[in-house]
Amino acid sequence: MHLEPVMMKIEEVILESNRARSFIFKKSLEYQPGQFIMLWIPRLDEKPFSISYHGKDFFGVTVALKGRFTQRLHGMKVGEWVGIRGPFGRAFNLGACPEPQGCRACVVGGGVGMASLAVLIEKLENSVVVQGARTTSELLYCNRFKDMLLCTEDGSAGTKGVPTDLLEDLYRHYKFDAIYTCGPEAMMVKVSEFAREYNIYMQASLERYIKCAVGVCGQCCCNGLRLCVEGPVLEGGTLEKLEDFGRYARLGNGCKVPIGTYLGKKT
Amino acid sequence: MAKVDLSTELCGVRLQNPTVLASGILGTSKGMLKAVALTGAGAVTIKSLSLEPLPGHNNPIVIGFEAGMLNAVGYANPGIKEGVKEFSNLKEVGVPVIASIIGRDVGDFMKVLEGLRGLDFAAVEVSLSCPHTPGYGMLAGQNTPEATKEIVSVVRKGTGLPLLVKLSPNIPEIGRVARAAEEAGADGITAVNTLGPGMLINIEARQPILDFKVGGVSGPALRPIALRCVYDIYKTVKIPILGVGGISTGRHAIEMLMAGAYAVGIGTAVYSRGIEVFGKVCQEMEEWMEANECTSVKELIGSAHAP
Amino acid sequence: MAKVDLSTELCGVRLQNPTVLASGILGTSKGMLKAVALTGAGAVTIKSLSLEPLPGHNNPIVIGFEAGMLNAVGYANPGIKEGVKEFSNLKEVGVPVIASIIGRDVGDFMKVLEGLRGLDFAAVEVSLSCPHTPGYGMLAGQNTPEATKEIVSVVRKGTGLPLLVKLSPNIPEIGRVARAAEEAGADGITAVNTLGPGMLINIEARQPILDFKVGGVSGPALRPIALRCVYDIYKTVKIPILGVGGISTGRHAIEMLMAGAYAVGIGTAVYSRGIEVFGKVCQEMEEWMEANECTSVKELIGSAHAP
Amino acid sequence: MHLEPVMMKIEEVILESNRARSFIFKKSLEYQPGQFIMLWIPRLDEKPFSISYHGKDFFGVTVALKGRFTQRLHGMKVGEWVGIRGPFGRAFNLGACPEPQGCRACVVGGGVGMASLAVLIEKLENSVVVQGARTTSELLYCNRFKDMLLCTEDGSAGTKGVPTDLLEDLYRHYKFDAIYTCGPEAMMVKVSEFAREYNIYMQASLERYIKCAVGVCGQCCCNGLRLCVEGPVLEGGTLEKLEDFGRYARLGNGCKVPIGTYLGKKT
């Protein structure tokens, strides 16, 4: 783990969708699916991103266009340098479900949340994956995960609707032992409710405003939990008791606001 | 462990043990304060509140190095209005909660104190010593004896709660600043805030790592300086001291008490030893005290001041 | 390694590499200076000389801790008369030798400079910044801009050698002190001396460990403070800087050069990495420079000051 | 090794001679014969002493009465506490002589120099030991090392004279492969000259004023060597080239003075 940012050269840029690009670094990195790194652009800012590509001697992040930082990042080319700190946080629990070997898992991703799930999907021997997006042009990794189920809100690809609409049928069909999810918090709330109802082991990767990433500044706290240390991946059981889940998040100045405001807000 | 009594008192506030969460570490929400209390802290301090919300500096705001930590959080906080909502019903926290407040001038301080009225804080800590936030603390010259006296004498009238004044280690004659605070009516001294500021450079980027370029030094690097500050302050003033700086073990805590502290603040060690550091430090203190036939914290306070 | 040129220049003194033995570490005899030069130092500084012999403080005078070292040597030195005998024929040392001198007042400094005349020193370093010797440096108020200007402007006339002024890190506005030295005619700044002072207590003995109770902090703990000081000084003055504080690796040395130093002093690392630290640091610098297509030290100096 | 002084209780005081006492501590300490520790009396001073007794769970020092510090130490009783830092420095080289096993060594001690040699003598399977002192009442460890040869300047015990007078005969008789010595520097000079003449491996433990004991302050330097790091034990070959050996030493303020002055001088 890198406690100070380590400068790394962008070796490849992949256009994943009209809103998302991946940046590949030819460096090995100790990493567990679900963890995140802090990406530093000197004299601009440093922001958290999941690792969406990972191999023995390379790794990469997939970045959706949001505001000032991601705009600058999208403007960067092969050969330019950024700083990488981390990885930080708690990873997905792979050995979680009853019989790890034959365990069948369901992975539910929404939007760029897919980025936090991609390496997990590669590690799961045996899983069914559903991705939801607003429209076709925003879908991620369609060629990477050939038999991934898709749904779009406008119906331009796959089923029309949101991934959670499919959960019931999928469960009847696959009887999976675990659900892993990352995406819009509203979607993750639905997934956790479903898992609770059917009593399925479930983990979700949350998003909150991260600053120090090492558990001291308190910026990322979600009730009594530090997302950067005890999270970003949390269990269904924990989420049940988490008052802020699906409701509140904190802006960069610590103001607690409705989750919608948070996600919309330029900071 | 029954034989050893870890309880202590700080400006009339009774603590089950001498460990206190230092301001700015995790003190952003009541939820975090509860979590820290559960791990065994004797008291907790909130992240400093200002009148208006402050965005703080851009990231990186914190960077660890081989001898501690550099931070330039820049007092990011939601301001007093939000703060009042966040810190209602503090009884739930289970241990005394200290309100750390900051201001650009006495007017700010008084308005913030007004906002705090009616909340269940056990004490107020006025921070005059941040080394990396323009308009506040050191960068506003609040850490001189004169400025300290001027601010404290007014702020004193703004609250009935025990009033702690938090000082900077960057003033060799810190004793004089402490006396100024005492004369102006402070009930206690918190010593110390971060040192410096300092800088670290990423040589591949050829840039300072912190976005604000410089930040306050905390952790092991600060420990001997903090000890000397507390030792000097103990010699100069009668009011109790909350000793803060580099404490991460029971031995460190005992050392700080012997230098003259009545209780010890812990911040950076949350990073090096985890959030459980408070319970760990207490246990290490108990073990040492038993082994050295010392039954109460009182026996330790100031005991390194040979007659 | 031929491609990389480590040589640098400090106030007209040419160094084969930027590493300099800091004053007070091993610089007590010509024999030790030779030994250090053999391990690869680009230049060496003698232990500070005063007019009269000084016994220094009682032991312990040095104590290591987890983030560096505390020392209260108290300027023990044989005085200028003995010093002149000790440091004859300095050419034998093989690298430039810097004379560090101290005094209670300008009179002292002038007499010491007189004594040095005719010896083969390459430069003079006037130390105004020791935090633990009554009558000298900080404890004599020599580290303020005013005192610095007054002392340097006189001392300047006392020698034709390049004149370095060594500053304390304990002054937040160190840039002002550096400018005072520059205006008074200094040829360069040595930044920094030890920090604090600090204290460490043995809790079983319930006593400060250093016999003088307090001592200056050096080593890793000082590094970010020293870097910030050098960075600030580089912005304020035109004369070259000898950067000192916490350097123990090639990366640290490069970081200090990027902050604005022309050469780097090394002291405490002699303890942590052995007397061979100078050669090690040089090799680590070479390796980094080759890997980062940097062929000369000049390219590094001040390069962290973004336009 | 203790880098900070560790407070230890005096468990036993042994009167070794009218000028020397031993202080025993029931603590285990990693130690090689020839190394020294720093003994701290809080609020007085801290001074170097060799370890003269060493076992699995105890060690001790033998202290001759000199001045302010040793006087105070001699006044201390069982149950009182002192601080111990170290051990420091380079030890005697036991595996030095040609055939370690059967190697026969000669140990030459003078005055309290015996203290630095005592544990060495216990470790050497096979050695001849000579101790010299001014008079009987100053001899050390006579019961501890039964077949140790003695000489006194006043002839009150053993041979009249100094140990070096015996070296020639001893060598003819024992043909030892190594000489280890500690004592008055004048004596050690003689021993080193003898060893050189007969080309015998030789080591001597020197005394210089010690302050930091960790090689930074430069106080203990002997020409280019730090006695606290490269010493106190030095080889004959090194001593040959050591201009200060037998000639000069530095006082606590760094003044270089003739060795006689140094040893006499109260500091």
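Chains here go by letter, A, B, C and D, matching the order in which they are written, and residues are numbered from 1 within each.
The rule we apply is simple: a contact is a pair of C-beta atoms (placed from the backbone, for glycine too) under 8 Å apart; a residue touches a chain by one contact, two chains touch by 3 or more.
Note that the coordinates shown come from a computational prediction; the quantities given were computed from them, not determined experimentally.
Using the average of C-alpha coordinates as each chain's centre, D ends up farthest from chain A. With each centre defined as the average position of its C-alpha atoms, the distance from chain A to chain C rounds to 51 Å. Chain A and chain B have Cα centroids separated by 36 Å.
Taking each chain's centre as the average of its CA atoms, chain A and chain D sit 68 Å apart.
Within chain B, residues 65, 200, 204, 207, 306 each touch two or more of the remaining chains.
Counting only residues that touch two or more partner chains, chain A has 43.
Taken as a graph of touching chains, this assembly is arranged as a line, each chain contacting the next along an open chain of partners. Under the contact rule stated at the top, the pairs of chains that touch are A-B, B-C, C-D. The touching residues of chain B, when paired with chain A in their complex, are 24-29, 31-32, 34-35, 47, 53-56, 58-65, 69, 71, 73, 76-79, 82, 85-86, 200, 202, 204-205, 207, 209, 211, 267-268, 270-271, 275. On the chain A side of its complex with chain B, the touching residues are 3-7, 38, 40, 42-47, 81, 83, 85, 211-212, 214-219, 221-226, 229, 250, 252-256, 267.
Those residues of chain C lying in contact with chain B across their complex are 65-68, 70, 131, 138, 170, 172, 195-201, 203-204, 206-208, 213-214, 217, 219-225, 227-228, 231, 246, 251, 254-255, 258-259, 288, 292, 303-304, 306.
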